[in-house]
Amino acid sequence: MFKKILIANRGEIAVRIIKACQEMGISSVAVYSEVDRESLHVQLASEAVCIGPAPAIESYLNIDKIIQASRQAGAEAIHPGYGFLAENSEFARSCEKEKLVFIGPNSKALALVGDKIRSRQTMEKAGVPIIPGMKNIPKDLSEYKQAAQKIGYPVMIKASAGGGGKGMRIVDNPKDLKSYLEAGQREAKSAFGDESVYLEKYIEEPRHIEFQVLADNYGNIVHLFERECSIQRRHQKIVEETPSQALDLKLRTLMGETAKKVMQVSGYNNAGTVEFLLDKNKNFYFLEVNARLQVEHPVTELTTGVDLVHQQILIASGEKLSFKQEELFQRGHSIECRIYAEDPVNNFLPSSGRVTFLKEPKGPGVRHDCGIYSGCDVPIYYDPILAKLIVWAENRENACQRIVNALDDYVVLGINTTISFLKEVINHPQFRKGKTTTSFIKMYFDKWEGKKKTEENLRLALIASAFDSFNKTYTGKSAGPAQKEIFSPWLSLGKWRLGGGK
Amino acid sequence: MEYEFLVNSVLHKISLEKKENIFLVSDGKKTFKADICFISPNVISILIEGRSHKVYLARDKDKMYISLEGEQFIVQEPLESGESFQKSEEKSQEHELMIKAPMPGKVIKINVSEKENVRKNQTLAIVEAMKMENEIKSSIEGYVKKILVSAGDLVDSENPLMELVKKRGVP
Amino acid sequence: MFKKILIANRGEIAVRIIKACQEMGISSVAVYSEVDRESLHVQLASEAVCIGPAPAIESYLNIDKIIQASRQAGAEAIHPGYGFLAENSEFARSCEKEKLVFIGPNSKALALVGDKIRSRQTMEKAGVPIIPGMKNIPKDLSEYKQAAQKIGYPVMIKASAGGGGKGMRIVDNPKDLKSYLEAGQREAKSAFGDESVYLEKYIEEPRHIEFQVLADNYGNIVHLFERECSIQRRHQKIVEETPSQALDLKLRTLMGETAKKVMQVSGYNNAGTVEFLLDKNKNFYFLEVNARLQVEHPVTELTTGVDLVHQQILIASGEKLSFKQEELFQRGHSIECRIYAEDPVNNFLPSSGRVTFLKEPKGPGVRHDCGIYSGCDVPIYYDPILAKLIVWAENRENACQRIVNALDDYVVLGINTTISFLKEVINHPQFRKGKTTTSFIKMYFDKWEGKKKTEENLRLALIASAFDSFNKTYTGKSAGPAQKEIFSPWLSLGKWRLGGGK
Amino acid sequence: MEYEFLVNSVLHKISLEKKENIFLVSDGKKTFKADICFISPNVISILIEGRSHKVYLARDKDKMYISLEGEQFIVQEPLESGESFQKSEEKSQEHELMIKAPMPGKVIKINVSEKENVRKNQTLAIVEAMKMENEIKSSIEGYVKKILVSAGDLVDSENPLMELVKKRGVP
């Protein structure tokens, strides 16, 4: 087993991985950019190395700096988390060259599944059902135009190098193709350092069903059942659950075995996810492999009892899988809500700045994977995910009740979050019925303006404000300004170059 | 003590009067007793007629961010200076419109030039934050008077990006 | 289903029950004594009613006040939690008379199992193995002396009206019998309002194994497997786990079926626990029925997936059990540590006062049922239990690692707690081997003086102190005094009558 | 800046010197760099030679309660007045011993009378807190000079319960 692992990430996922290291008796090394000195992952790791300025390209995406930090700290392995360099096969190759274990698939498999075009070809050959689409990355716009015509609108623009909705666009109308391609390429470049995008047929109102797979270095492969991630906004998953309401035992088994086949023909090892679209008639199509730990991995953990991060580390260290497919089963139901720093009543505008107060939800069956704390600063540079709220309960109905309750028990002040929006999503009658498709948000929440406030709560807010002012008058103390202000010599914004010139 | 607060630009009045360990609260319509205490600097417990309420509160300058029973409120103390009024006058009087950054971020692209005419909903600039591109669109028909930032600049929320001039006679 | 439930308790268990009510869409009514106005259960409930002064006898043990509060609030049922009135059959009868549903067994069964002597007789008749002991409560010391002689020393003094170690004493030597009986009677009186104690044979180095049972109002009974609670101090459980390392499938089944029989012959309904002692030769003896929700119920919840508080409420409202014995199974391993306000290096002296800072442990597989918060006051009047830390993991080894890790992630400043002691217990080689008996603490931790501090941590503590002082000098602000001081017009102690006279 | 602290009655010295965003720390034996910052008023993050440490700290009057990596420390600023010395002198000089309540609680029973002789380890009183009875035992052989509380009294930690006088010539 490894003695020391470097975590090439930040935020909630870095915290999650550091916890796993602690439990396995492994030293953890955090890396951080200059704005992340006070971040939770830096506080929790055994060691911490600063790897450069705030922009990800100069720090969390800087392969040389990360390899150097690993050498300096004497780490034997690197866990990339999700995003950043997690699916960068050049990074995996660099690790291999430096004799650092990359906790993820081998670089060859990573390159194959990371190349959406090549992997589609491979899957097609292996008899895995795929969505009609381009078989290569075109050189110029005219090729894209031709391909789109051939596939038939609406078409989907997708980044070749990564997922997570980055670079993704739906094109309904030929006249939008050019500008959407440009935007997609820019986003892909900024997210993955590779601007390649391709087109495929856009399947309307499908469910997004994915299968978690674990493969050791000796050819043993198991799947850990599905996750349904149909609730998406801007192609970004926001609510995930398992089991899916759309699968029965037969379909679950068929899709699971297909997922294992996908991994087998890719020569894949470690943890990975095979994404499918499921159409209205229960036909499923291979979408892509997510060659990393997924944001939504906890719902699988809570229903199968398998700790996926522990398994990733065990597999990377050369252990064989300790369980067989027939020993795995799902118990109960699990739902995850992603908490983003976005303003749900203002077109989901990103919301950075200081978290003046945080109350974490808790209780039986409630898990909160969290990268923030009361008084922390949320920088503009990175993904807006702040935390994930995950619940487990005996059945779907109880899980819905529990997560709504936990969302009510969740308070973030100072920045905007999606908490109130998520509560409405879970409470929607169609969600409660399990009628979830990737069009769900567009259909039911396109013009959401927030929930109406009640008179009674307004009155209570006023009473609290008056009480706070009352105490301020008499003691000179009150609920603010955020206490940290006192100690921190600078605000996040103070470091920015404001206005004019470069 | 009487207090005035702005919530969504609407003025509300409320008065608190301390009687031993209990407060008499009056909101103009009715008067009732409340047992109020701080649990921590950011948490207030209120008992009214047996009902228990937990209110989370954080002050930031003149604003109070409040959350209770899953609802959020921004409560402001009314400004005593005329500063906020001046700003809004500025806009309307001159038929000029200051386009501001809607959130902190980085200017990725300026899509227009100075003196250029712009349509309503035309994209003026793209500001990126947290890996998401956000198009800044024109809410009016008019022309670009002055561009105040360049691609690559970091901007704070409410930072002016450019000045537009409204076409006369067009709403 | 009920619309409103009153919770006749305080602390972590009241919070636990309120959470369950919220999830089931039931209004919750908290009751509180005058020192508990700022307690967590008062903050979380939908409604709260003050029922009297601090001493439990005038508030949480005052049946009339609680019945009156229920009527006033319009509650249809009362959940008694554990301790206080939970096993008081007079209270259950009063509820029945007032047409309030007592969420627990019917008063007749409660009276039977609550009378340790009568229940021993009943069990003996039904063929359940019991420990040799007294068959009635004697009138005077000489009867106790005779009985002790007949049973043979060492004998155990036990309270007839309740468990939890209260009133319990081991007598090795006849000369200690009188003083130990008096102390036991006083403690029993103060804890349960009934001073009756009796004697039974003290079984040396046994394991404490108990079975969780659920019985609906229609005669359906299931057991939810065992909990091992051998790690005890002063007859008070401090660490509990499931599954027990001492049981195999055959013994587990036999004991489980015996537990169901105990409940059947008692005419028992709702949740209850049948306690057994298991001797070195794997003989088991019926000890008693705990006719309430147990402190350690979460380890059963985490391994069986059944929410016991939900089930209690469902059963009390007249629902039938929704699962059968053969549908229940254990998954993985769960351990609970009880966090007491006691000083482990100073003879476990109770430690009341202000919690100046609390950092709750968290992470995947970690549950923290907690009754305190940063800035709260822990009064002298009630049980010293502050919170419970419970973990779940795939197997016992991982669960041990996880709970040690969580104990490291757990900070309570201002009062003394058992956190550091519990860590040493879990880390003890004999515990790791599963060699747990009720003598464990006495054998290995009798003269525990705390863990040696490391040089490095001392240096870091000094650096932090200096840094805090440095900031105090320059800004006038620092880590204290506890912020709440500012707002709270009184300290807990300020309310006490100090010194002289009554 | 040089600081002195008492930990378990032992005096420790440490000095901090600020150099830009880094501190030079010296504990007498060696000097090293530390990157120290407040995370919140009760949490301090310290990076030394790449190692990350999280220290929890709460002040209460002259005491600092500190927890890190599962270990707890009570750090005191040395008292400038002579008060604490006087107290300990009181005890030893007069061969008198003040028996104090070890924790806040309620006096359940006084087991001795004034003038009564007491053996070492004899139970003097029973104080109850949090439903547990705690026997207060004599650490000396001697006699009871004065009893200061009665059964039923509530006492705070360190509250005097009774005065004993030590038998001369007995250690």
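The first chain written gets the first letter, and so on, giving A, B, C and D; residue counts start at 1 in each chain.
By definition in this document, contacts are C-beta pairs under 8 Å (C-beta built on N, C-alpha and C of every residue); 3 or more make two chains touch, one makes a residue touch a chain.
Note that the structure is a prediction, hence the values are computed from the model and not measured.
The chains in contact with chain A as well as with chain C are B, D.
The interface holding more C-beta pairs in contact, when A-D is weighed against A-B, is A-B.
Inter-chain centre distance (chain B to chain C, centres taken as mean C-alpha positions): 49 Å. Chain geometry summary: the mean Cα position of chain B and that of chain D are 51 Å apart. A straight line joining the Cα centres of chain A and chain B is 30 Å long.
Contacts with at least two other chains are made by residues 38, 41, 43 of chain B.
Annotation for chain A: residues touching 2 or more other chains are 374, 408, 471, 477, 483, 486-487.
Against chain C, in their complex, chain A makes its touches with residues 16, 19-20, 22-25, 298, 301, 305-307, 310, 331-332, 360, 362-365, 367-369, 393-394, 398, 401-402, 405, 408, 471, 475, 477, 483, 486-487.
In the complex of the two chains, the chain B residues touching chain C come out as 35, 37-41, 43, 45, 47, 50-52, 54. For chain A in complex with chain B, the residues that touch the partner chain are 166, 183, 186-187, 190-191, 234, 341, 346, 349-354, 356-357, 359, 374, 380-384, 407-408, 411, 413-414, 419-420, 423, 451, 453-454, 457-471, 473, 477-483, 493, 496-502.
By the touch criterion stated above, chain B contacts chain A in their complex at residues 1, 3, 5, 7, 12, 14-16, 18, 23, 25, 27, 34, 36, 38, 41-44, 46, 53, 55-61, 64-73, 75, 77, 102-106, 108, 128-134, 148-150, 152-157, 159.
Chain A makes touch with chain D in their complex at residues 30, 37-38, 42-49, 72-73, 373-376, 483-484, 486-488.
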